[in-house]
Each structure stands twice: as structure tokens, then as C-alpha cells.
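Following this message is one structure expressed as C-alpha cells.
Per-chain residue numbering starts at 1, and chain names A, B, C, D and E are given in the order in which the chains are listed.
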Amino acid sequence: MVEALIFVLMSIAAIAGGLTVVLARNPVRSAMGLLGTLFAVAVLYVVQLAHFVAAVQVIVYAGAVLILFLFVIMLIGVDTDETRDENLPWQRPVVIGIAGVIIVFAGALTLFGDFQWVPGASNAVIPEATNGTIQAIAEPLFTDWVLAFEATALLLTIAAAGAIALAHYRRKEL
Amino acid sequence: MTTPEISWLAIGPELVLAVGAALVLLIEVQWKPATRVLGSAVGASLVLAGGLTLVQWFAARDAVDAADTTSLVAFRGMILMDGFAIFGRSALLVVTALSIAAGWHFFRALGRRGAEALALVLLATAGFSIMVASNNLVMLFLGLEVGSISLYVLTGMTRENQKSDEAAIKYFLMGSFASAIFVYGVALVYAGTRELSITGISGFLDGFIVNSPSVILIGIGLMVVGLGFKVSAAPFHNWAPDVYQGAPAGIVGYMAAVAKIAGFVAIARILLTAVQEYDRAFLPVIAGIAILSMLLGSVMALVQTDVRRMLAYSGVAHAGFIMTGIVGGSSDGVLFYLAVYSVQLVGAFAVVAAVSGSGSVGSDLDKYRGMARRSPALAASFAFLLLGMAGLPLTSGFIAKFGVFADAWSAGYEWVVVIAVLASVIALAFYLRVIVIMYMDDDESARLVVPRPVRWVLGVSVAATLLWGVLPAWLLDIAADALPL
Amino acid sequence: MLTSLVLLPVVAAIVVALVPSTRKELHLPLGIALSIVPLGLAAYIFWIFEPSASLQFVDRAVWYEPWGMSWFLGVDGISLPMIVLTGVMVPIALAASKAISERTKEFVVYTLLLEAGMLGAFLAQDLFLFFVFFEVILIPMYFIIGIWGGERRVYASVKFFIFTAFGSALMLAAIIGLAFTHGSEFGVPSFAMADLMDVSLSQGTERLFFAAFALAFAIKVPLFPLHTWLPDAHVEAPTAGSVLLAAIMLKLGTYGLLRFNLALFPEASVDAVPIMGVLAVIGIIYGAVVAIVQPDLKKLVAYSSVSHLGFIVLGTFALTSGGLQGAVIQNVNHGLTTGALFLLVGMLYERRHTKQIADFGGLQKVMPVFAGFFLFMAFASIGLPGLNGFVGEFLVLIGTYATLPALAIIASFGVVLAAIYLLWAYERVFTGVPEKEENRVLKDLSVREIALLAPLAILILVIGLYPKILLDKIAPSTEAVLDHIESTTDYVTPEPGRLDHVFMSEEVGE
Amino acid sequence: MVDPGLYMAVAAVLFLIGALGMLVRRNALVMFMCIELMLNAVNLTLISAGRAMNDLNGQVAVFFILVVAAAEVVVGLAIIVAIFRRRSTASVDELNELSG
Amino acid sequence: MSSYVWLVIALPLAVAVFLHFVGRYLGEPRSGWLATLAVGSSFVIAAVAAVPFFEGGAHAETIQLWEWMPAIGASLEIQWDSLAALMTLVVTGVGTLIHIFAIGYMHGDERFHRFFTNLNFFIASMLILVLAGNYAMLFLGWELVGLCSYLLIGFWFTRPTAAAAAKKAFIVNRIGDFGFMIALMLVFTSFGTLAYTGIFERAGDVLSTGMATAIGLLILVGAAGKSAQIPLYVWLPDAMEGPTPVSALIHAATMVTAGVYVIARSAAIFELAPIASTTVATVGAITALWAATIALAQRDIKRVLAYSTISQLGYMFLAVGASAYVAGVFHLMTHAFFKALLFLGAGSVIHAMNDEQDMHKMGGLLKKMPVTGITMGVATLAIAGIPPLAGFWSKDEILASSFERGGWYAVLFIVGVVTALLTAFYMSRQWVLVFLGEPRWDDDVTPYESPRVMTAPLVVLAALTVIGGLVNTPVRTTLEHFLEPAFEGISLQHPPEGILMFVILAGVSVLAGLVGVGAAYATYRRPSESWKKFEQGLEPLWGTWLDAYRIDDVYGKLLIAPGKRAAEISAFTFDNSVIDGGVNGVGRLFSGIGERLRPFQSGYVRNYGALLLGGTIVIVMWLVAGGA
């Protein structure tokens, strides 16, 4: 019951945040919308017992990534409001068309297609099985997934090297 | 259960590459040596990685011969050391080596940032190498991202021109978009099967009949889109011409080739292993993508005036041809095609770089006018590679096309083959255009200076194209042995 | 032996390529000298060839086992004349290329590679191998036209390449289909002709495959209405290109129809007789009619090729011994005569730098030997008995009458038209008084040029009077083709001399 | 307990919003945020599906996707900054020199 | 001896080849004499080989030289029988004389040796034709004589008219050959061979009437081309552009009779096809009359003879069409003598007149050139059918035979008589115009008698013209006995029996001849104003005849112009625009599609995104639909 309430509230929050990202004219507002979504989704994680991931979400995403976004927004100018005019011909009708098709398709699938999100869902959900505490996560992370964990090292190396390669100008190059 | 399972051999090549990349960066920071020194580090790591790959190949063959393949499953099923992976990895390493040689001028011209570029190339190769070996969709995604992000950066590395950064942002935005779509597909397949492992999924689908498979099918579709983007299959190809044109010439061949190899190996692994159960559903779709790619790529290439854009569209068409092999349902044709095409591609872009400068943007057809007189060897190599891409007999391109067509035919997709052969005729038309300009127009411009490494690379790729066109058996045998587990 | 025949020109090409570009004067003579070697070998093979239907001098090596391809060369009565013709024409074409002053080395290399490809195509007994050669020869010819051609050479060469490649593309699909049908029937795919002849196909599939093969070959021949690449290619090509194109490359089409279509798809071939026959006859008449009014001498000869090759196709699909023998021997004949005519036009062009008929007139006065050769070749082309063209056309016509009387009659009219276009052209170019100043100073043929034409003239005469030297070796193979068709279909070769035949078959037809 | 399917439906909506946002926004930064939205939707899907099937791997996968997102952000922002430095704009509509 | 018959062909051929390469060095008279020697030797060999036939009872022999096209039963083989022997003797005999004449006539021509090369080659070809043992080889000779005719008509190639005439001759002949080739196809299909021996013996068993008629009519088409019969005669008048010995040899004495020969040769087939025979006779009779009317008005000395030849060939067709094969061949022979004589005489005149051919510019030449004049006079009387000259016997036999045949042939008989009258008139007109009356020649012309080398053949031919007819008179049918073995099993048409009928019929034709000769003499003996008035009085008929019924214009307008137009439309409109336009259109289509699609690659990343997402949706929907 509590879960349902939280689910409804947070879902609304997440979607509202998402819409803000898309619809706000000022990038700062978009970033704020994204922040809202991130938090709301984090709450939905928690509700589903994904504690560790929720924490990471808040720390890494909301804490670091979003700040980075804001920095860049500030760097390249907060006042770059977008107009609502669409300057590409056909872009808007096409987007509306795509959206329409997706919605119709999703509706049809739900109503007539015997669609199940999780066809293999077990009847008895055992909360302990997916209680994503640090301990619980850590075990697969460092056994089954150890290689993936190592691979993230590559990713971060690239991010660092790439950012330097792209954005770091030596003095004489400016 | 609490100890991780480490198989050094299985990740040996990637490890070597990553260490190599780190070394390059460190040496650069510490000693700021000549690029040549970095090059030898890079070369050493490539050679070592190649050696390890060879060891893997023999290990894999022994295991298959002994009918005990457990040793080929590493890191608790996270990655595999099967022939499929090793073939893809070998192709990646060869392409990397050739590309670095061909683009050597580019790296040198980058000055101090050459080290970063070299490191990124090595890391990208490592990433894609992980990708081809992955037996886990998330692992695969990680490898994909390691590779892709490196490529985004490499695209934007030159600062001399504005188009390079346009290409980078386009590539980055669309690539991330496609990655997001791909990983959503992974999530949906996970929702449908409770598995992230490829062999796990196939085992699951073998054992259970999913009553409502829509979620899996949507997931498959999204993964196909994500990977289709990487291999620049239509209609996800738009980025390719712009990026090929805008990215530094010295690195385009590499970007194009590795993305295709890794992308197609992943597609083949996922479709032909993991979700093979649904082939009746997805093969027509793949056939559709193949046909659209072949036709669109060929027709669009016909009207290009820039060789790089032309090659990009031809790449779209080639994606379609390789897809035809996927439609055929067997992987050996695809692997052979990837091997020969990527070698040709690197060679062709080596020529482009030689003609228009390695850091340049675009490569107008006019620059090739009368090249047969100014630089006969270069023109002849380029012409030969183009004919190889066009699939003329006695080039590897013909055998490759023949292979995928034969697969598709025997799988019952005769109509796809018919359209494919017709598309290859249209494709021929634009390759010929370049040859016409090189051979049949006169131009008194200066002779081109072809750097020695480029000559080597061209020699290798021309020789390979000819050799595999005349005596393809050994590579075909290898490709046929390189089966996914 | 056959392998070395195919590889000799390749070796020759490599040798020529190794001569440094600075020694320009060496390339052509060296090329000519080296191209004599395959001619000698071909002649030797011709000499020791036993007149029987079996494949001889077979060379076979597995190429890639799982797909069933092999390097499989062999010669029979149908391909034998073609390899000799190839051997003859290449040195002549090279020797006629003195006008090629730029990039001589490339030219010689391309020509020799072309020879290798053509020889390979005629010798291949494996469809995959055949396709490889069939397609590969486009490249050197494409360069020959495109680099050393006339003003619209690029257009012509690209058109030539794409058009032909288009045809062979569908054939490739059919070849794949055929090989894998063999695979599903016998367990292993195979591309060997002998194996594929055993494949049983459904009627629909057989017809589709037949159509794919026929399209490829019809474009190559070329059969109306797929012929428009030919005049362009001929007009723009340098002399050697035209000669080799007309003399040998086009023959791959007619050869293919005879060797592959009839043998692989007997049922469909029998069914397709009316269509192919009608197209052939349209080609005969249409090509001739169009040739009449051509203002360009070379184009005229090109269209005459369209007309003449129609006879070959007609003879092939007559499905009688006369028709088939006529078709094979006409392959040679057309190669010699039209090749010679192109040589002559080329020699004229070298002197006068124009091919427009209107630019000439009265040339017999200033270059009588040239005129004599031209007239000789023209009459050979017209089908004057005693010269080779007659033997082929007459066999074809007589052979065709037994099965396709109406078409044979219409086709005979092509013989009249041939006289019209060639003699009219001769009249305008050679007779009268040379009025134009440029024409009055033209030099007659040099000894070198005579030496090029004389062998052809002799061959034309020999074949015209004693075709047995060819027919004896051809006949067993063509009979074997007919036997194969008869044994696999209901078709019965009409036996001339039996009163009932003509009337019976017409009644049955109704 | 709320049906995991509902979570996933919400995720799908978020994904759709992000995807469509990619098409309507021309500020590269905002487009980038849209991608973050999409990745969030993916994560939510994984967690919900894993929960429905009593499988922890979904959550582990989310961890990696988060890392990927972070890495992408770094590089992406670097590219945007680089472009901005040179062109003083972050609007992708002004980047259309490469076309045809 | 007959085993050496091949030498008959080989000698002239060898000399032709020899002269072709060496003639230039041999010089003027020698090459001519060498050629003559070859033909003369052939004549001798043939005569010796023909002895058995004179003795009677000898049968045909077939001598195979070598296999040619085994698939259709065609070898190069000689059939040596009396018909062949007769033809060989005529060809080589007349040929020898004409060769001799030509040595004088062609004197001074820079291509003298070439002329004899071609002439000898012609003799060889003609002998191939007549000696052939099968239709294929006959066709070989048939075409080779056509080639020689082409070469020799166009001998003076710098004259555009000569070149055009040569081409015309060959092409018109080809149209005839078209029919002939189809005939051969029918023959082969029916018999499975083209060899005479396999055909004529079995013709009755194998051929239905319909098939025999078809073959017969098609042979007629071929024969009409070669022998210049309606409607294919138009080439022969133009062929007079060639040197006069050529006209005499090829276009009067030998080649043009090949049509008659081939019909006679195929008698066994025509025997089975009455309709075909009748058609042959009718075509012959109509041609005879038609050409005779044209000949009436000609002013060119050679054209008169040309139309006269056509007309006389018509007689021969009438004969063979009436199954009077012997009569036909007989006339062929006598005609060879007197027409060769006429042509050579005309040549002599032309030579003397500095190549003037217009009879209006001649007159009174008898005094200047008595030998020519007298010999030509003999020939004129012979062709007019005045006894006892050769022409009388042969022509009379034809007319009498067709009269005897009766029915439709009786009508043809009347046509023949009328033609005889016209023949006598125009030939006499010619002789009178040329040799009598006041000289009308141009000032710079000084006529003189030709040298001995030219007049000698005239005399020999004149002698033959006088006595040649005696080989086959109603009293003594030597020729018929001679030819009989060749027509074994054929029911030959004979003139009516009995001396009375002979006298009556001969009287009719002689009367016609005399009337013609007399009328012409009366008209043209008088001064030119007078006969010019006479000719004008016959307008517009006379003009029409002079213009040969403007048949060339008709053909030009009805056949050639539309044909050329059609060719031009095919070549420049249809081929270029429709077919090639289609081909290039396909090419343009693809690049057009490419150009149209280029805007979609707009460079706007959001467009790309839309395409990506749109494609995703389509693929997902397709997959779900396909998997459900």
C-alpha cells in the first residue's frame, strides 16, 4: 500500500521531471528536471530494495554528473534559451507521427497483444533475493562480474584521456 | 563461490592492449619522447596481443578437438574464448596494426596529443575485443562503449578544421542514442528471460516456451538497432557519411573497420546464438535491413562527389551484404566478409589519407583526377581495392560476397540474393566512377608522395585482397572453424 | 597443359610489367612475341585434339571443397576453336596497336591479362571458375576502352562494364542456386558442369535459372534489345580493343548459351526456343537495318556484329546438328572477319583520324591493297560461299529450317541486308575519285599491316573451303549436346530427309 | 506489492520522453540530458525485472550502466565544450556542414 | 579422262591467283595471253572429257574433290554429265574468244592484269557453278560469279555510276539468292542432302506437289535474280557500266544464263510442279516482251543489247518453263554465240568511237569498220530469227515447243512471236543506226577498224552464229541426243512432229523476223530527222520505253526510300532514343533516386535521430508482428 503510494508519487515526479527536461526552454531548468527525475527514480529503486544502486544513483548521478552538467551550462552560457519554433521542416510532424505510432502500438500491444512485461516472473517474489545491500551486490560484482568491473577501469581511463585530448588546449594552441 | 575466476589467457590480449595504452600515456607524460618511441610500444603491445590471440586459437582448437569446451568459458561465463571471438579479435588486431601504420603521419602530426590518440586506439581495440568475446550482454555493452567512446574522441581529435568537431558531436550524440536503445533492448531481453548471458539466454529459450515473447522480440529489435547503428546499416546509417567525411583521414579506416567487425560479430553472436529460437521472426527483418542497406548505400554512393562519403555509403551497402550472410544463418560467411572487407577498407582509406592528407576533412573526387599518371602504384592499389570492394572475381571481395550469398541462398532467402546481386551492380557503378577519374582523366598536378608505411599497408591489403581472392580456402576454413560456442 | 595455357599470358603480362617504363619501345614487341607462345600451345592442342565428344586435357584441382568449387579446365569441340581463335587474335590485336603511344606497358599488360581471362573462360568446366573468368575479363577491357578510347570513352567503358556486369550478376545468383541445389540433392555442392547436368530442377526453377543465364549471355552476345552497349564500346575502343571485343569477348555469350544453357537446362532450352529464336532473328534483321544508315564506319561494323551474332544464337537454338555446328564455326568465322574489319577500320583511322564514311571516297585509287582486303573481309562477312562466313550461316540456316522454318526464312533476308550495308559502305568509302585532299595522300598498307591481315584472310579462305578441319573436331561435341537434350527431354531432333517431318511438326504445333 | 510491470511501464514512458526529446531539442546539452533520461529508464527496467524474477543481476547491471553513463558524460561534455570554444554555440542545428 | 575434269576449274583459278599476285610484274599483253591460255586449255580438256557424251550413252559421273559441310551432305564434287559438259564448252569456248578480244580492248588500262585476274576468276567460278555436283557447290559458284560480276562491273571504280551499278547488281542478285537459299533449305529438309544424285532420283518419292512447287518457285526467284527476269532484271542494264568484254562474257553469254541452267538442272523437281513450271514460262514470256519494248527505244548501244539479253533470257525461261529443256539450253548456246558477238561488236564500235555509246552519234560506220559491221550484221539477223542462222533454229524450237504444249502456253507462244517481231525491229534498228546512214559522230572522233586481236574473235563467233544452229534441227537432233542422259526420266517437251507444222510455225516466226527487219530498215535507213519524227510520233510510249518504264524510280519510291526511312528511324530514333534511352534511363533512374534521397542526409543530427527512431519503431513492430 505504501509502496503503491510511493510508486504513484514518484512515477509522477519522474515523468514530470522528464517532461521538464524536454520541454523547458532554458537548459538550467532542464537540468533541474533531470535532477528531479533522478531522485524520483532513486526512490523507486529503494522501494524495490535496490539500496546500493539507489545510493550510487544519488551520489554519482545527482551528485557528480548533474553538477558537471551545470558547470558546463554555466560555462557556455545560461542564457541560451531555445525558442519553441521548429526550424527543421518536417521534423515536428515526423516526431509527432513517431510518438503517435509508438503510443498506438503500445496501446494495441497492451490491449490485444497479451503483452507481459516479465513473462517469466516468478509467482513468489522473495524480497531477500533482491535485497540490494552493498554486501549482496558486492558478491556478484567481484565474482561473476569481476571482469566487467575491471572493464569499467578502461572506460574511465578513456573518459579521462578523451576529455583531455578534446578539451585540453595547450597554451600555444589557443 | 566467493573467489572470482580469473583466466589470464582469455583476457590476455585486452590486458596487453590496455597496459600498452597506459604505458604510452605514461611514457608521454614522463619523457615526451619522439612519436617513434611510442610507436614501438604500441607495436610491441600489438604483437604481444597478437601472439596471445594465436595461443588462444590453438587452445580453442585443442579444446574443440577434445570435445571439452569448458576451458573456453572464462570469468564464469562472462567472456568466451571460442573461435568466433578469436577470429574477431584477430581481425581487430590486424586492422589496428595496419591502421596505425597507415595513419602514422596523422599521429605524428598530432604532436604531443599523438600519445593520447595512440592510447585511445589501443583502448578502443581492447574494448571492441572484449565486445566480440563477451558472453554477457552487459559485458558486451561495456566493450561497445569502451570502443565507441574512444572513437568519438578520435573523431574530434584534429583541431585544424571545424568539420571534425561537427562529426564528433554527431557521432557522439547519435552513438549514445543508439547505445541507449541497445541497452534498453538488453534490459527487455533480461526481463523476458532472466538471463544476461548469451549462452544462458539460448539455453533458457531452448528449455522453455515463452508464452508472451513480445518483450523479448522488442528487446531483440532494439539490440539490432543499436548494433545496426554501429555497423552503419540503413536506416541507421546517417551518421556514417558525415563522420567519415569529417573525421581525420588517418583514422577513418580504422573507425569504420573496427566498428563493423565488432558490431557484426556481436550481431551474429546475439542473433545466431542467443535468440536463435526466434529466427523466423527476425530473419525477415534482417533481410529487410540488408536490402535497404544495399540499395540505399549503393544508390547514395552513386551521387557522391567526395570519396570519403562515397566509401561511407559503400560501407552502408557492405553492411547490407554482410547482413545477407546473417540472414543466411551461418557465421563463417560473415566472418570471412568482415576480414576481407576491413582489410580493403583500411587500404582504401590509407589511399584517401595519402591523397588528401591524413588530418584532412573530406576528399574530393577532383583530387584523384589522373592519379594513374601521377602515382601509378597508388592508383593501381586503390583501383584494385575498389574492385575488390565491388566484388569482382579474383579479389577477396568476390569470394566474400559469394559466401554470404551462398549462405542466404541455401537458407531459402533466394530473393534477397537476387536483390543483393543487383545492388552489387549498382555498387560497381560508383567504384568505377573513381577508377574512371583516376585512369581516364588527365591532370598535370604534382606527383603524390606516399609515405613508406602507407605503401606497406597498401601492399599488405592489396596482397591480401588478391590472395584471398585466388586462394581463399585457408581463410574460409578458419572462418568455418571459428564457431561460437 | 591447359593450366599453362591460361597462365602463359599472365606470365607474359608479368614479364612485360617488369620491363621498366623507361624502355617504352620494348613493351609492344615483347608483348607480341610473348603472345605467340600461347598461340603455339593452342595450335598444338588443336593439332593433337582427338575428334570425340569427351573432355580432353583435363586439369582439375580442388579449390574450396565445402563449396564444391574446383579449378577444372578441359577442352572439347565447342571450346577448342575458341581457344585457337583467341590465340590468333591476341598477337594480331597487339601488333595492330602501334598507334598506342602512351602507357604502352599498361596496354600490353591489360591485353595479355584479357587473353588469359578469355582462355580461362573458354576452358573452364566449373561454373564458378567460368564466372570468375567471365567477370574478370571485363576489367582489362574496361581499361582498354576507357584509357585508350575515343572521345566518349568513359561513357562507353562504364556502360560496357555495368551492362555486362548486370547480366552476369543474376547469373551468379543462378549459379549459386544451381550449386546448392546439387548440394541438397547429392549432399555436396558442386560447380562442375558434369555434376550440375545431373541436377533435377522443377520446371519453374529451371526456367528462372535459364533466364538468368540467358540474360547474362544475351547481353554479352548481344541480343536485341540488349545490344546498345556494343556500338558505343566498339566506336570508342581502340583498334585492339574492338578486335578482341568482337572477335572473342562477344563469343563468350554465344559460347555460354551453347555450353551452359543447353546443357544445364535442356527442358527450359527446348521451351525457350521460340523466344530465343525470335530475338535472334530480330537481332539479325534489326542489326543489319540499323547498320545500313550508320554514318560511322566502325559503328556500322559494330551493328553488323549484332546481326551476325544473331545467326549464332539462332543456330544454337535451332537444336539441330547443322545449327549447332554452324553456330560453333560461326563463332570462329565472325571472330576472324569482324576482327579483320575492325583492324581495317583501325588502320584507316590511324591514317585519317576519322571513321565517318562521309569523309572518305575514292580510296581504292590511293590504297588498292587496303581496298582489296576490305572487300575480301566484307564479302566474308556478307557470307560469300567459299569464304568462312557462308559455311557458318548456311549451316545455321539449313539447320534452323528443320525446326524453325519461318525464322530461318526471315533470317535469310539478313544475308541480303548484309550485302546492302557493306557494299554501300564500300561504294561510299572506296569508289569514285578521291576528292578530298587528305584522302589523296593516304598511304597504302605497310608490310606490317599486310602481315596482320594476311593470316586472317588465309584462315577465312581455308575455313570457307575446307571447314572440315574444324567441323570434324566440333561435330562430336555438338552431337553430344543434342544427345543430352534428347535424353533428358521429349525433344527429338528432326531428321531432314524424312518427308513427314516439316508438315508433321507444323500440325503438331497447332 | 506493486506489479513490476507498472514500474517498467513508467520506465518505458521515461525512455520515450528521452527519445523524443532527442528529436525536438537542439541544445546539445539538453539532448545529452535526454540520453541520461533514457539510461535511467533502462536502469529502472532492469531493477524491476530483476525483482520480479528474484534475480540480483539486474541491479549489478545497473551499476555498470551508471558507470558507462558517467564516462559518456565526461567525453560528451568535453566535446560540447570544445565545440563551444570554437563556435560559441551548443545548438546542433548550426552544425550541418557535413551533409548529402 | 573425266577424272581430270577438275583441271577445268583449277587452271583458270590457278592463273587467276597467279595473276593476282604476279600479274603486275608480268606486264600488259602477257598476263592477258596467259589468262587466255588457261581458259583455252580448259576448253580443250573439257572437249576431250566430253567425248563419251558425243559418242552417246555415257552417264553422269560424280567426282568428289573434298568434303565441305558434311552435316548437310555438301561436298565439293563435280558432276560431269552432258549438260555440264555443254555448259563448260560454251563457257570456256566463248570465254576464250572474249579473252582474246579483251586483250585488245583493255589495251592501255592501268589495271590490265587485274582485269584478266577477275575474268579468269569468273571463268573458274562459272565452271564451279555448272560442274557442281550438289546445290551447295552450285550456290558457291552462283555467288562467286556474282562476286566477279560485282568486281567487273565496278572495274572502273572511279566512275561512281560503275560502282553503284556493281553494288546494285550484287544486291539485286542477293535478293534472288534469298529465294534460292530458302529453296535449298526446303531441299535439304526434304531430302537430307543437297547432292544431285540423292535428290533427282528420289524427287518423285519424296516431294509432294506442294513442296515441289514451293521449291520450284523459290528456285525461280533465284534464277530471276541471276538471269535478270521480272522483277529482278533492273540490275542488268546498269551492269553495262562494266567494260564491254565483261558485258559480253558475263552479262550476255554465260553468267546470266545460270538461271536457265539451274532450272534445267532441277528439271526433276519442276517436273513435279506444273504450277512452278508455268510460272517460269510466264515470267519468261512477259520478261521477253517487256524488255523487248524497252529495247526498242534505247539510244545507248549497249543498253539495247542489255535489254535484248533480258528479252532473250525470257525466251529461255519460256522454254525451260515449258519443259523444253533442250530447246532452252539450245537457245542458251546459240544466244551465247550471237550475243557475245553483238557485245564484242559493240565493244569494237565503242572502242572506235572513243567510248561513245550513243547510237544517235554514230551512223555510217560500215565503211570504216567492215569486219565489225558485217559480223554484227550476221548476229543481228541471227537474233532476228532469220534462217538458217543459229538464232532461228533455237528460237523456233522454243516457240514451236510452247505451241505444241498448248493451253496457256499457246498464249505465251503468241507473246513470243510478238517479241520476235520486236526483236527483229530493234536489233535491225540498232545495226542500221550504227552502220548505215550518214555519219553523226562528233568531230574529234575518227573511227577505225579494231585490231586483229579484236576482230578475229568476231569472225569466229560469226561463224559459230551461222553454223551453230545446225546442231539441233528438226532433221538432226544431235544436241538432244547429247543432252538426253542428263534429262533421264524427264518428259521433255518437243516441237510438233511433222514437217508441215514445222514449216507453218517457222513461217510465222520468220515472217515476224522479216517484218521487223524490214520495218526497221525502212524507218532508219532514212535521214535522222525522219526517224526522229517517227520516234516522236510514238510518244508518250516511246519516252516510257526509253526510260525503261521508269522502273528504277518505282523501286526507288516504293522500296528503297521507305526502306531507308525505316532504317533511319530504327537507327536514330528507335535505337538511340528508345532502346538506348531506356538503358541510360535505368542508369539515370538510380542516380536520380540518389539525388532525390540526398536531402534526407540533411546534416541535421535531429533528422538523423528521427530516422533512427522511426526505423526502430518499424523494426520493433515488424518483429513483434512476425513473432506473434
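Convention: a contact is a pair of C-beta atoms (placed from the backbone, for glycine too) under 8 Å apart; a residue touches a chain by one contact, two chains touch by 3 or more.
Remember, it's a predicted structure, so these values are computed and weren't measured experimentally.
Listing every chain that touches chain A and chain E alike gives B, D. No other two chains have as many C-beta pairs in contact as A-D. Chain centres computed from CA atoms place A at the largest separation from chain C.
Geometrically, the chain at the heart of the complex, using CA-atom means, is C. Of all chains, the one whose Cα centroid sits at the greatest distance from that of chain D is E. Chain geometry summary: the mean Cα position of chain C and that of chain E are 36 Å apart.
One inter-chain figure worth recording: chain C and chain D are separated by 64 Å, centre to centre, where each centre is the mean of the chain's CA atoms. The centroid of the Cα atoms in chain A and the matching centroid in chain D are 5 Å apart. Annotation: 25 Å between the Cα-based centres of chain B and chain D. Each of residues 8, 18-20, 22-24, 26, 32, 48-50, 52-53, 55, 57-58, 60, 64, 68, 71-72, 75, 78-80, 82, 92-93, 95-100 in chain D touches at least two other chains. Annotation for chain B: residues 138, 142, 145, 149, 152-153, 156, 168-170, 173, 177, 181, 191, 194, 213-214, 241-242, 429 touch two or more other chains. Looking at chain A, residues 88, 91, 94-95, 98, 102, 109, 113, 116-118, 120, 144-145, 148, 152, 155, 158-159, 162, 166 sit in touch with two or more other chains. The complete set of chain-chain contacts reads A-B, A-D, A-E, B-C, B-D, B-E, C-E, D-E.
For chain E in complex with chain B, the residues that touch the partner chain are 587, 590-591, 593-595, 597-598, 601, 603, 605, 607-609, 611-612, 614-616, 619-620, 622-624, 626-628.
Across the interface of their complex, chain B is touched by residues 63-67, 103, 128, 131-133, 135-136, 138-139, 142-143, 146-147, 153-154, 157-158, 161-162, 165-166, 169-170, 172-173, 176-177, 179-180, 183-184, 189 of chain C. The touching residues of chain A, counted against chain E in their complex, run 88, 91, 94-95, 98, 101-102, 105, 109, 113.
Contact residues on chain D toward chain A in their complex (touch as defined above): 1-2, 4-10, 12-14, 16-18, 20-21, 23-27, 29-30, 32-34, 36-37, 40, 43-44, 47-60, 62-64, 66-75, 77-82, 84-85, 90-91, 93.
The part of chain B that touches chain E in the complex is made up of residues 169-170, 173-174, 177-178, 181, 213-214, 217-218, 220-222, 224-225, 229, 234-236, 238-239, 241-242, 278, 280-282, 284-285, 288-289, 296, 298-303, 426, 429.
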